[in-house]
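As structure tokens, here come the structures.
Across the two complexes that follow, chain A remains constant while its partner is chain B and subsequently chain C.
Right, the complex of A and B next:
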């Protein structure tokens, strides 16, 4: 019954989305408001329908309905409850349904909250959002239905189908339970509870800014309405995507067992690309808000952002690229490619048309080369160049090499670590300068004077670093560039609070709280910059100063690394966990200067039921803000089974300095983005009136 | 059948062959044992020919363990890092290195982003030039101040 009801919900949601598109377009063309409202209701209806379908699948996972093919693929009787829930997005079909639900949530909230405010744009927004949703629901319904059941033909072979195919019989759940595959061991990690939902929220969320941009182009309302309507949507999507990337990095660090968090894998890069273009858009859009400039460019950026989301989804889910992160090869490749190409082309055609009509003309002109506008244009150049370089390395070059020379190439860390650092350095330098520049124009002298204090503070910190042992020129240069960005963010915030404190005679705390309350975008943005600075310091430290070694130790032996001593005490072999996995655990003691610091327990997990990769190397680590002492158990050998004295184990050990700053920086970045997303507090009318009058007089 | 190579001559030939082979060796075989770290440094620059985007030092398959052992043997025999890489590329193709060894493919891989970055800079410069050309049309009335909101203006004024 779950299969039938679930499939009916999908059919109804698909029908509602298609109806919403048609009724919106016809309603707008005819000026028929009833039809437009009816289309909106159909759009709203997709959410409860898809939510019901998702809850049905979830209940099937929780109640072990192994006759449903998806449940049989991603769980087994030993799967803990939490991983039965996360199994919802553990494979292609379930994750596509989950994706559809998230997209319908965004559509629902946008249609419910912004209908009145943006009456002219909303019917088009509804049409474009529902077009995207209908495509994905169609994929789920026709190609990747998670409600497909397992039947047996006359010869006992499994046959798939939602409804019972003729000549087949029902297969007992007990029989299917014995052969159920269980969740991919890579996905049995706490990070997988939250990483995919965050990433999907980020990806899917960009559908709303995209739909607003397309609505503005289609309706001809090219004022700043669509920008105002989408600012929070864009920030929220950018936040979720950033959170997803950071959590993905943490998952890779904990689970993939290679001592790092970013491997320049094509799937990681596919998620990074929309984040980069989205960052360019978030900055560039301010020029349009403040100065009415770069209208075409902003349209192009947001369409490109959603296009990058779709391309990444296509690349990850179609089998175009092979990766530990990607889904298995499936039939959805061609439809996804067509959809991606279709939305991108439609966007480009609409932009060209409106530009040709003169509707995207700038309202103001450039006032000076040293200005906030020019800094933001440079920012955009850097982000687009980064996007291009990463896209080329991940997809462009491998595809062209394959097509032209029939050669399979991989562009890995060697390529990315050669191409991207100059662009990241330029990005950080700009982050240090741009906040000190003014809209319109300013003199180089004034900008230079504004930079004196932050540069002096940065140099002071670098001198301290040098005196405390950081003497590598590359590291000092890197720290200097990154620190300047952070120092400027803090310096500008303190300056704002100081001005507030002086004017209102407030305490420092009250002044800080109040400046954040009054201009959350500006000061939230500074916190984001600070977060990016902290991440940058973590990346430099953990990349340039990482130490590693691999040794085979007998029980009682020890190894030395970076001033630490690691001693092998015992190895517990064949421990059985509650979920059926077999664990081999090494018990190690970490010492420094002869004193015990921590017990570390790296382990090998073996999943007897799992198909494909069934062994996981789970790191053991001792984490401090200064560094991570990260240990992997690579293998062991026992010459005399049963005699632990004949046992030796091989360990791969990393000392990752400052790596935890990457995660802390991520948390700061999230806090800053949340602050930026919140609406500003309005000053009391009593305080506002004289200020407004004075501002008017000045203007 | 006539034996055209008597054992003594055969031995002499074999000796000459080994002598020639020894002369072509790039370096003396290592006398120091090759450590796991020596192997991993090189394995980190090579990708598993089977598992997608996994470096050879991190890959946990039996095949990769064997390939790491191959690296050790080659290093022990005196091969340089580049020779080991070349051997792997010859056996498995360009996909086992993070940047192609083939000059044409390397030029394609690295040249394109440089061209792209160059194009981006040109676009940026052209945008500025176009803006400068229009500068005379409009001069901001209060160009030097940031005008986020009246409150911000007040702060700016206080700071001045």
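Right, the complex of A and C next:
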């Protein structure tokens, strides 16, 4: 019954989305308000329908309905409840349904809360959002239905179908439970519980700014209304995407066991691209708000952001690229490519049309090279260059080589490690300079004077670093550039608070609270810059100063690395966990200057039930802000079975300095983005009244 | 025209840019684009590698001692892991470039005695969890004159990880129940 009801919900949601598109377009063309409202209701309806479908699949996972092939693929009788829930996005079909639900949530909230405020845009927003949703629901319904059940034909061969195909028989849950696959061991990690939903929220969230931009182009309302309507959506999507990327890095660091968090894998890059273009958009959109400039560019950026989301989804899920992340090759590749090309082309055509009509004309021109506008443009150039370089390395060069010379080529990590650092350095330099520049023309001398104090503070920190042992020129240069961005963010915040304190005779605390309350976007933005600075310091430290070693230790032996001593105490073999996995655990003690710091327990997990990959190397680590002591158990030997004292084990050990700043920087970034997203506090009524009276008197 | 809201900037006729400014922007823009272009081109020249099959590698002498990326299917019986020295040795077999389903192609290639085989050696490498029979190995390295491929990077993709599959023949598992 779950399969039938779930599929009916999908059919109804698909129908509602298609109806919403048609009724919206016809309603607007005919000026038929009833039809437009009816389309809105249909759009709203997709959310409860898809939510019902998702809850049905969830209940099937929780109640172990193994006759549903998705449940059979991603769970088994030993799967703990938490992983039964996360199995919802553990494979292609479930994750596509989950994606649809998230998209319908966004559509529901936008249609419910912004309908009255943006009456002219909303019918088009409804049409474009529902077009995206209908496409994905169509994929789920026609190509990747998670409610497909397993039947058996006369010869005992499994046959898939929601409804019973003729000539097949029912297979009992008990029989199927015996061969159920269970969730991929790689996905049984806390990071994997949160990473995909965050990434999906980021990806899917960009559909709303995209739909608003397309609505503005289609309706001809090319004022800044669409920007006002989408600022929070864009920030929230950007935040979720950033969070997803950071959590993905953390998962890779914890689970993949190579001591790193970013491998320039095409799928990682595919998720990074929309984040980069989204960042460019978040900055350049301010120029449109403040100066009425870059209207075409902003349209292009937000359409490109969603286009990058769709391209990344297509590249990941179609099997187009060789990646350790890829889903199985499936039939969704061609439809996804067509959809991606379709939305991108539609966006480009609409922009060209409106530009040709003169509707996207800028209201100001650039006043000078040294101005806030120019800095923002330069910022955009760098982000777009980063996007282009990463796209070229991951997809462009391999595809063009294949098409033109029929040769497969690939660009490895060396390409990215050569091309991206100069661009990231330029980005950090701009982060250090741009906040000090002013709107309109500004003299270089004035900007230089504004930079004196932050540069002096940065140099002071570098001198301290040099005196405490960081003597590598490249590292000092990197730290200097990154630190300047953070120093300027803090310096500007303190200056803002100081000005407020002086003007209103407030305490420092009150001044800080008030400047954040009154201009959340500016000061939240500075916190974001601080977060990016902290991440940058972490990346430099963990990349340039990583140390590693490998040794085989007998029980009681030790190894030395970076001033630490690691001693093997015991090895516990064959420990059985609650979920049925068998664990071999090495018990180690970490010492520094003879005193015990921590116990570290790297282990090898074996999943007897799992098909395919059934072992996992789980790192043990001692984490501090200073560094991570990261230990992998690579194997063990026992010369006399039964005598644990004859055990020896081999370890690969990494010392990753400052790596935890990457995660802490991520947390700071989240806090800053949340502050930026919140609405500003308005002045209290008693303070507003005299101002309003004065304005009325002068009118 | 849509009504402007208080926070919107009023539309004015726009002030034409000074000629000197425009030239500065043009020169600056050109220099930036040239620098980015140079970076990408030089990165491509130094980072590009042929991505070839085992057959391509073994049939052409042009690839000897040249850093390339190859793809093949792992033969499980050949995996030898020296945990003390962190060295891995195994053999991969050629997988045809054209196939409908990667899992099936890997299965056929691994069980095809005629498929070209290549011995691989990877040093300083903890045995990856995905290294198993019929996994797809994507290796970066160079073919030595001794006919062994010395890999500096090993990526593995296990087709069963994300397979959208069905169980094996159900009759083997027990009696089938009749009716829905």
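Note that in this section the second predicted complex is superposed on the first by the 676 of 699 C-alpha atoms of A that agree within 3 Å, B and C clash if a C-alpha of one lies under 4 Å from a C-alpha of the other, contacts with A are read in each partner's own complex, and residues count from 1 in each chain.
Simple rule for what comes next: a residue touches a chain if its C-beta (ideal position, glycine included) is under 8 Å from a C-beta of that chain, and two chains touch if they have at least 3 such contacts.
Model, not experiment: these values are computed from the prediction.
Novice: After the match on chain A, would you call chain B and chain C a fit or a clash?
Specialist: Aligned on chain A, chain C clashes with chain B.
Novice: Touching A:561 in the superposition: chain B (first), chain C (second), both, neither?
Specialist: Touch partners of A:561: none, neither chain B nor chain C.
Novice: Between chain B (first) and chain C (second), which, if any, makes contact with A:496: first, second, both or neither?
Specialist: The answer is first: A:496 touches chain B but not chain C.
Novice: Applying the document's definition of touch, where does A:549 land relative to chain B and chain C: first, second, both, or neither?
Specialist: So A:549 only meets chain B here.
Novice: Regarding the shared-chain residue A:678, is it in contact with chain B (first), chain C (second), both, or neither?
Specialist: Touch status of A:678: no partner.
Novice: Who does A:440 touch here: chain B (first), chain C (second), both, or neither?
Specialist: Once the two structures are laid over each other on A, A:440 reaches chain B alone.
Novice: Give one of first, second, both or neither to describe whether A:423 is in contact with chain B, with chain C, with both, or with none.
Specialist: Both partners, chain B and chain C.
Novice: According to the stated criteria, A:381 is in contact with first (chain B), second (chain C), both, or neither; which is it?
Specialist: Touch status of A:381: both partners.
Novice: Is A:389 in contact with chain B, with chain C, with both, or with neither (first, second, both, neither)?
Specialist: The answer is both, since A:389 touches chain B and chain C.
Novice: Quick check on the superposed pair: does A:408 touch chain B, chain C, both, or neither? Answer first, second, both or neither.
Specialist: In the superposition, A:408 touches chain B and chain C alike.
Novice: Residues on chain A in contact with chain B in one complex and with chain C in the other?
Specialist: 257, 290, 322-324, 326, 364-369, 378, 381, 385, 388-389, 392-393, 397, 407-412, 414-415, 418-419, 422-423, 550, 552, 615, 617, 650, 652
Novice: Over in the complex, which chain A residues touch chain C? Could you list them?
Specialist: 69, 72-73, 91-93, 120, 144, 150, 152, 155-158, 160, 164, 169-172, 174-176, 178-179, 184-186, 221, 223-225, 228, 257, 289-292, 319, 322-324, 326-330, 361-369, 378, 381, 385, 388-389, 392-393, 397-398, 407-412, 414-416, 418-419, 422-423, 550, 552, 611-613, 615-617, 632, 634-637, 650, 652
Novice: Can you name the residues of chain A that touch chain B in the complex?
Specialist: Residues 256-258, 263, 265-266, 290, 321-324, 326, 364-369, 371-372, 374, 377-378, 381-382, 384-385, 388-389, 392-393, 396-397, 400-401, 405, 407-415, 418-419, 422-423, 438-442, 446, 495-496, 499-500, 502-503, 515, 518-519, 521-522, 548-552, 615, 617, 650, 652, 680, 683, 688, 691-692, 694-695, 698-699 of chain A touch chain B in their complex.
Novice: Please name which positions on chain B make contact with chain A in the complex.
Specialist: 35-37, 40, 45, 47, 51-55, 57-58, 60, 93-100, 102, 104-105, 108-110, 112-113, 116-117, 120-121, 123-124, 127-128, 130-132, 134-135, 137-155, 158-159
Novice: Which stretch or stretches of chain C touch chain A in the complex?
Specialist: 1-2, 4-5, 7-12, 14-17, 21, 24-25, 28-29, 32, 36, 39-40, 42-44, 46-52, 69, 71, 81, 83-84, 86, 101-103, 124, 126-130, 132, 138, 140, 153, 155-174, 176-180
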